[in-house]
Structure formats: C-alpha cells, structure tokens
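Here come two complexes built around chain A, the first alongside chain B, the second alongside chain C.
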Partner chain A sequence: MTILLLTLIILLAVFALFSSDLLHGVVAMSAISLSCAILFYILEAPDVAITEAAVGAGVSTVIFVWALRHSQRKEDRHE
Partner chain B sequence: MSMILLHTMQWFLLVSAGICVIRLLLGPTSADRLVALNILSGVTLAFLVVRGVWEKRVLYLDVALVYDIFGFLGFLAIARFLKDRMSDGEEQ
Partner chain C sequence: MNDGKTAWRNIRIFASLVLIGAVMAPIFLSDASWPVTARDYLMAQGQAESGAVNLVSAIYLGYRAFDTLGETIVLLIAVTGTLSLLARVESLVSPGPEDTSSPNAKGFSLSLEKRVSHALRTNLLEEVTGKVGPIVLLFGFYVMLYGHLSPGGGFQGGVIIASGIVFLALGNPYEDKSVLVRPAILGGMENIAFLLFILSAMSGVFLEEGFFGNPLAVSGTPEGFIILMNCIIGMKVGSSLAFMCIVMMGGANHD
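Let's look at the complex of A and B:
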C-alpha cells in the first residue's frame, strides 16, 4: 500500500516537473499533496495528515492559482 | 468478515486512485485533468473514511472532514482560473 502510494507520488512529481503548462503542474502538485495526506494517514500520523490536507491541498493550490492568474506568458507557444 | 471487506475496499480504492492518476497524467485538456483531480479527491475521501472505520478511531474521521472542506477551495480556484482562460480563447 505504501509502495503504491510512493509510486503515484513519484509519477506525479515527474509530470509536475516536465509539464509545459503551468496549470497542469498545479493540478499535479494538488494530487501530490493528496497522496501525501493518504500516506501520512496510513503511517498512523493523523494530525500531520490534517495539516497536510488543510495547507497542502487547500491553501497552497489557491495561492499557486492566484499567482498564476497574475502572471502572463511572454514566450511563443510553438518553438 | 467485515474486516476482510474493509481491507479489500481499501485496496480497491487505492487501485481506483491509481487509475485516476493515469487519467490525470494523460488527459489532453485541462478540464480532463481537473475532473480527474476531483474524482481522485472523492476516492481519497472514501479511503479515509474506510480506513477510519477500520482503525476504530474517531480522530481519523476528522482528517476526511478537513480535507473535504479545504480541497473544495482548491478545485474552486482551479475551475475559476480555467473558466477565465477558456473565455479568453487561449484553450483550444
């Protein structure tokens, strides 16, 4: 169960690194914190899982998207 | 018997989460990825509740409650950003 979750986290992290669109990276980061919350929960640390679920999945996603709204793309899409 | 069922259900939900992650990685558009993340959140919520019943501890259910409240804010932010970007015509 732990190994399956760690594999999912590694896959999502590699995708978040190499995705060209920033919003896809934000979605992957949200899924990473979701998987981390399950992992802490399985490893019998429910208070850490509460903090990870509140800060990681909720607030940090809102902050990332908020920063993404106020940025703009300067480069060409096709290169 | 119920312990066996709860344990089977945990594995079933984890495999479902893996399938949702595959869709999140492969989905061609941003809306596909948002829907995949939303389904992943639902599967995770079910997993947390099943695990909490399995462990027979009330504290474990609080994690599911807090995650469901705060995860909704994240999806709301992503969906609103996606709406603005689609109305700008940048999304194909």
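Let's look at the complex of A and C:
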C-alpha cells in the first residue's frame, strides 16, 4: 500500500510537471496532497495527515485556482 | 521549430529530474542508523514533563516552541504579502467596460441583490454551507482544544476553523449576518492573537523558566500551558487564513 501510494505520488508529480494546462497541474498537485495525507495516516502520523489534507488539498488548491481565474490564458507556442 | 522547443523543454525537465535524483540518492542509499537520543528521551520523559499525551504537541509547544514562533511569523508575513499583492492586482485589473472575463469573481461574498452573477453561488451551495459551517467550526474547536490529548492542535484546528468561517461567509444570503466573516474583525483577531502569543511566551520569564518556558512546570497541571498556546495559535491561524480567503473572494471591496 505504501509503495502503491508512493508510485502514485511520483506519477502525479511527473504529470503535473509535463501537463501544459495549468488547471490539470493544480488538480494533480491536489491529488498528490491527498495521497500524501493517506500515506501519513498509514505511517501513524495523524497530526501531519490532518495538516496535509487541510492545507495541501484544501487551501492551496483554492488559492491556485483563484490565481488561475485571475490570470489570462495565453498560448505561447506559435502554431 | 516548435518541435525543437518542446524537445528542449522536455530535455530540461528530464535533466532536473536526474539532478534531483542525484541529490536524493545518498539519503536512500546510505545505511547510517537513525539518531535515537532525542526520540528515546522524549518517549521516556516527554509526557511527564509537558503533561501532554500527544507528544507532537509536547514538542512543538514545549521543547521546540521557538520554531512555532517562527512559523507564526512566516504565516503573518505570507498573509501580509498576499494582501499587498491583492491590493495591487485589484488596482491593476480595475473593472473597465471591456472587462467581462470574470464578472463573478468579484462580489463572491456580496449579498443576493448586489451579485453580478449567480454562477458560483447557487441555492444548494448556500443552504449546505450555511448549515455545515457551524458544525465545522465546532469540530475545529474540538481539534484545537484537545490537541494535547488527541491528534491535532492549534494549526490543524485553526485551519478547520478557517474553513468553517469561509463556509459561514458563503452560506449567508445577506451581508454581515455574522460578525465573524467581516475582514476587519478577523484582522483584529489575528493581531490580538499574535500579541497574546508573545505575552504568553514571555510569561515564563517571570517564573524563572526562560522565554517560552512553561510557567506551570512546577505545578500539578503542566498541560494548561499547552492548551493555552493551542487556543492562541488556533485563533491566529484560523483568523488569518479566513481573512485571506474572504478578502480573495472579494469581501473587502465594500467593507
């Protein structure tokens, strides 16, 4: 289970790096935080799990999405 | 041309991944034993010295309370920077006649009549958040007050309290129904909490315990200091995060 979660975290992190849509990256980061919270709970650190779930998956995702809403979408690649 | 650019970007990402791996590899490959001195001492003495069953609380409010002071200052600076950035952004993207990109981003926490659009605030959202908000607040206070016994503490409870306050702000169809969702009140609460934090940190000095020393160390209930600090930190974290979220939703425009 631990190895499964760690693999999922690495895959999501690579996806967040390579995805060209920023919103997809934000969702992947939120999923990373959620997987980390489950991992912390399995490793018997419930304090850190609560913090990770609340801050990582909740507040930071909201702030990222808010920042994305206020930024303008601009395609950098010249097709 | 485009393919070359994309390939160059992929090469850079792969190179950074390889470099991160090279930095992390010695940590995974080394077979040095973990340091056990502090762990064994805390397991043996921590509960008796601090009175907290939850040793995490005992460490971050007892043995390492100075780090907690640094963390609260970091949070204060983060909120201050966000607010100054927000003030600048609001002045830069002032709503002109051509600004139709995000009409409902502003006034998210306005009352029913003043809202430009209802795209983000449906009846379902208002009913659910208005009824769930007090329960979330209660759970946040539980996590905060019982931080010395069960998992949780000031930071965790504070974040839950902040989400409860945001729920309350989302859940009322009228403005200023609850005094808790006003940005001015929340900012004042944060300042008062920080002042109280410094004062209670200094309270040990007068009893020969030193800065951040536990003034109740010799009495029978040393956990009282941890409960007090948890309450102050929860108040500070909750009010500052709720302040930031409510201002981000546009609550300060009409305050």
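By definition in this document, the second predicted complex is superposed on the first by the 75 of 79 C-alpha atoms of A that agree within 3 Å, B and C clash if a C-alpha of one lies under 4 Å from a C-alpha of the other, contacts with A are read in each partner's own complex, and residues count from 1 in each chain.
As a working rule, a contact is a pair of C-beta atoms (placed from the backbone, for glycine too) under 8 Å apart; a residue touches a chain by one contact, two chains touch by 3 or more.
For clarity, every value in this text was computed on a predicted model and none was experimentally measured.
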Exercise. Is A:43 contacted by the first partner chain B, the second partner chain C, both or neither?
Worked result: neither
For this session: Identify the partner contact of A:27: answer first if only chain B is touched, second if only chain C is, both if each is, neither if none is.
Result: first
Problem set entry | When both partners are placed on the shared chain, which of chain B and chain C touches more of chain A | B
Exercise. Given the touch rule stated above, what does A:18 touch, chain B (first), chain C (second), both, or neither?
Worked result: second
For this session: Check whether A:68 is in contact with chain B, with chain C, with both or with neither, and answer first, second, both or neither.
Result: first
Problem set entry | Which of chain B and chain C A:10 touches, first, second, both or neither | neither
Exercise. Both chain B and chain C touch chain A; at which residues?
Worked result: 46, 49-50, 54, 58-59, 62, 66, 69
Exercise. Okay, in this complex, where on chain A does chain B touch?
Worked result: 1, 4-5, 8, 11-12, 15, 21, 23-24, 26-28, 30-31, 34-35, 37-38, 41-42, 46, 49-50, 53-54, 57-59, 61-62, 65-66, 68-69
Seminar exercise, completed: Note: in the complex, chain C contacts chain A through residues 1-2, 5-6, 10, 13, 17, 54, 56, 89, 93, 101-102, 105, 143, 151-153, 155-156, 159-160, 162-163, 241, 245, 248
For this session: Please name which positions on chain A make contact with chain C in the complex.
Result: 14, 17-18, 46-47, 49-51, 54-55, 58-59, 62-63, 66, 69-70, 72, 77-79
Problem set entry | Touch list for chain B against partner chain A, complex | 10-11, 14, 17-18, 21, 24-25, 30, 33-34, 37, 40-41, 44, 47-48, 51, 57, 59-60, 62-63, 66-67, 69-74, 77-78, 80-82, 84-85
